[in-house]
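To keep things clear, I will list the structure first and then write my remarks on it.
Chain IDs A, B and C follow the sequence of writing; residue 1 opens each chain.
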Amino acid sequence: MIDTFVLSQLAIGVSVGMTYSIVAIGLTLIYRVLSAVNFAHGEAYTLGAFTTLIAATSLKLPLWAIVPLTLLVGAAFGWGVERAAFRPFRKFTDEASLKSRAVREATLLSSFALGLVVREVLDRIYHGEWLAIPQQYLLSSPLSFGGINLSVGELAIGIVSLVMLASLQFMLHRTRTGIAIRAVSSNLVGAQFSGIDINRVVVAVFIVGSLLGAVAGMVVSLAYGNVQSYMGLTVVIKAFVAMVIGGLTSLPGAVIAGILIGVAESTAGIFLPSAWTEMVAYGMLLLTLLFLPQGLFTRRRA
Amino acid sequence: MSGPLLEVRGLAKHFQGLRAVDDVSFDVARGELIGLIGPNGAGKTTLFNCIAGAIARTTGDVEFGGRSIAGLDPGRIARLGIARTYQNLRIFPDITVFDNVSAGAIGRVGVSLLGTLVPQLGRRRDEAIAEAALAALERFDLLAFADQPAGNLAYGQKKQLEIARALALQPTLLLLDEPAAGLNDTETGELATRLRALRDAGLTILLVEHDMPMVMRICDRIVVLDSGRKIADGVPASIRANAAVRAAYLGDEP
Amino acid sequence: MSRHRVPIRLAFAFVLLALVPALLAWGGSPYLARLAQVVLVAIVLTGALNLLVGTAGLLALDTVVFYGLGAYTAAILSVNSGTSFLTNVATAVLLASVIGAICGFALVRLTSIFFAVATMALAISFHTTVLNWGELTRGPMGYRGIPPVRLFGHSVSGWLESYYVTAVFCLIALFVMHRVVHSFYGNAARAIREDEECALSLGLRTRLIRVQIYTLHAAITGAAGALYAHSNQFIGPDNFVIFESALVLTGVIVGGIGSLPGAVIGGVVMVLLPEALREIGNLRALVFGIVLFLSILFLPRGLFSEVRALALFRRDMPKSPWARRRPAP
């Protein structure tokens, strides 16, 4: 019988990994459409957590009201990032201009800079401290399933992630926006000829991605109880690793890779001190970039 | 040293079921000016890319000066003496005309970090590079524009620049992909004269073109492709009279 | 064109070796002298990164890795083995070069944004390692008691001597970088940057040149790190966070990608700007985020563009056949 401690760690790893997966989806969606990386994406996660904090401490909203507020903040942030850091560099929407190296590098830097500014502003306001969410909101009560120990929060992360994935699937396959997104991702020229407005699809992708990120941040803050201005940065880098390992353009790949990273981290955590578990993700990234530039789950382009 | 300079043997390139180049064979002798023609989509640029090593062939062989070059990387092939230009004009617009051309010269002569840091060690190479670049610029009457950003040149001059840059490599074989595209009659005439002069000076040239009058005028031999296959190979007069070629072009007067 | 007869490089050397020390002696303070040294080191770091990001066209955030490698090598060697300053610098350069060559060889084939993120991962990993490998690096406490620079049997003392050591180092580094940028080698690197496939078809050894430039950038940055360790006499993990890399990168972009004069300007701005804004409080990171963002948006070629820099130093390209035959401007 496998040690129940190990199983618990695995379960936690899966749960944390799903956080990375959700954030990775936002990155992957953007990459599929623009072949560019949004380095301000982590701040959607951070803002989701901070919205939860503010709603709980200052506004004293009930839990059911925090959710739509977080969604709103996430969507607004996504729209804002696209407007400020990506749109100014998009002069033409033909494929070559849209995905040119100059634009990709410029938006990498501009989104990095924007993320830095947001982080720093939060840092200034809250003095870089870890802030606690009031006890009554926390989902930290322990649960036990046949020896596997989790907290309600960790289970909630898993459930919420699954719900979001399902909603995303629904959106991508059953709504006009979602279908437009898929069309542009797989065949830009064809989509343009069909009359799809590329700019609107780009905005939609940013909004959806940031929504997901913000919800992830909300759930994690409720599960673990604290919030800090740099929390999004560490997560987005691991989400980026998940995106790369998942094959850059594959959504299921990003999800699975995210879980893999989470599991790898918690497994490593059994043997190594926690500071070193940070390196697991970076190690996986470097190994992937060196030996498997296509990632593990390459999606064949149309 | 006798024998053809370039031998293409049964070269084929397949893209997921599409036979872009299908069992093409032909020779190019030293000092020949060969034209490669065919309707759009006949596989001419793909053939070029295979010879120059830019894409990997599916089967077949290419021999250059008696040695097989199929499968070598493009840098190696360039240093062996094959220079090329591109159909869609790839010069470096943000650097000067001189710097563009010297890039080709650098390819042949080579640069080293040590030679750069210690001037005495690199002087000879630097002079060789500068010589080759200037000679190429002079040949194409571009010397006056040497210090201008290449992007400032007129289209016709940019095309010349690309050829000059390829020549700075001092190649044995020059592959030109539609050098006359976008040129007016005067420019095409100048180009034709230059190419003939280069051929007379001993350079072997393989040329993809759509400009029939020019091709008929200056080429020693013409190879015709259609849908990836070679359908004719001979002197201009015989190609002009060739029914299959005319059919391939759907009645276009060659 | 005889105006350009003014030997710019000599003038710059004069400023560094004569003018600035004179000004400092006349009206400065030890603090200002220290600041001047920080500016000089910043110039070297920006210049070295510019070789990679500008001339070679590889966006990178790995300055702190080699800076830290150099600094810690010098610190560990000098404190534990009492080796001389020059030995430490040489070892630092050697180590940085070897690791730089390995990393460069492995990473150079990645496309632009993935190369950038890989260097980011390297930088963060380096910082984590330094922070946690206490037995080697003394962890978060940092390395204290690094002996001052000792050259030719004489320990450097006082701000003037310290300044001169840094200034001479800066000039040597700039000389090396200048020769690389304004030469046919630099031209080859720029061609590879503009269109790698095309450069390859011209016979340029693209991978080799890129790896060489990466290694050179690592070596110069490592040397700067060793110097920093000895002149500051204390180093800690906080000096080598990813933000410092981003700072240097911002200096490169603001000054002008691919332009060495631009890198000099960028380095100066990078250090002096937060000094000027000292009253606003510790807003360094925020200001730099905004500066970076605005630069990319409105001044992508920087304050002193590469085109201008290349034109300025055109005379440094090989002369004889060129000067003989070029038409009068």
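Just so we're on the same page, contacts are C-beta pairs under 8 Å (C-beta built on N, C-alpha and C of every residue); 3 or more make two chains touch, one makes a residue touch a chain.
All values derive from a computational prediction rather than experimental measurement.
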Among the chains, which one keeps its Cα centre farthest from the Cα centre of subunit A?
-> B
Chain nearest the overall C-alpha centroid of the shown protein atoms = C
Would you mind pulling out the distance in Å between where the CA atoms of subunit B average out and where those of subunit C do?
-> 41
CA centroid of subunit A to CA centroid of subunit B, Å = 49
Note: subunit C sits from subunit A at a C-alpha centroid distance in Å of 34
Partner subunit C, residues of subunit A touching it in the complex | 36-37, 85, 88, 101, 104-106, 108-110, 112-114, 116-117, 119-121, 123-124, 237, 240-241, 244, 273, 275-276, 278-279, 282-283, 285-286, 289-290, 293
Which of the residues in subunit C end up touching subunit B in this complex?
-> 176, 179-180, 183-188, 190-191, 194-195, 197-206, 209, 212, 216, 306-307, 310-311, 314, 317-318, 320-322, 325-327, 329
Which residues of subunit B touch subunit C in the complex?
-> 52, 54, 73-75, 78-79, 83-84, 86, 90, 92, 94-96, 99-100, 102-104, 106-108, 110-113, 115-117, 119, 122-123, 125-127, 129-131, 134, 138, 143-144, 146-147, 149, 165-166, 169
Which residues of subunit C touch subunit A in the complex?
-> 59, 106-107, 110, 112-114, 116-118, 120-122, 124-125, 128-129, 131-132, 246, 253, 283, 285-286, 288-290, 292-293, 296-297, 300
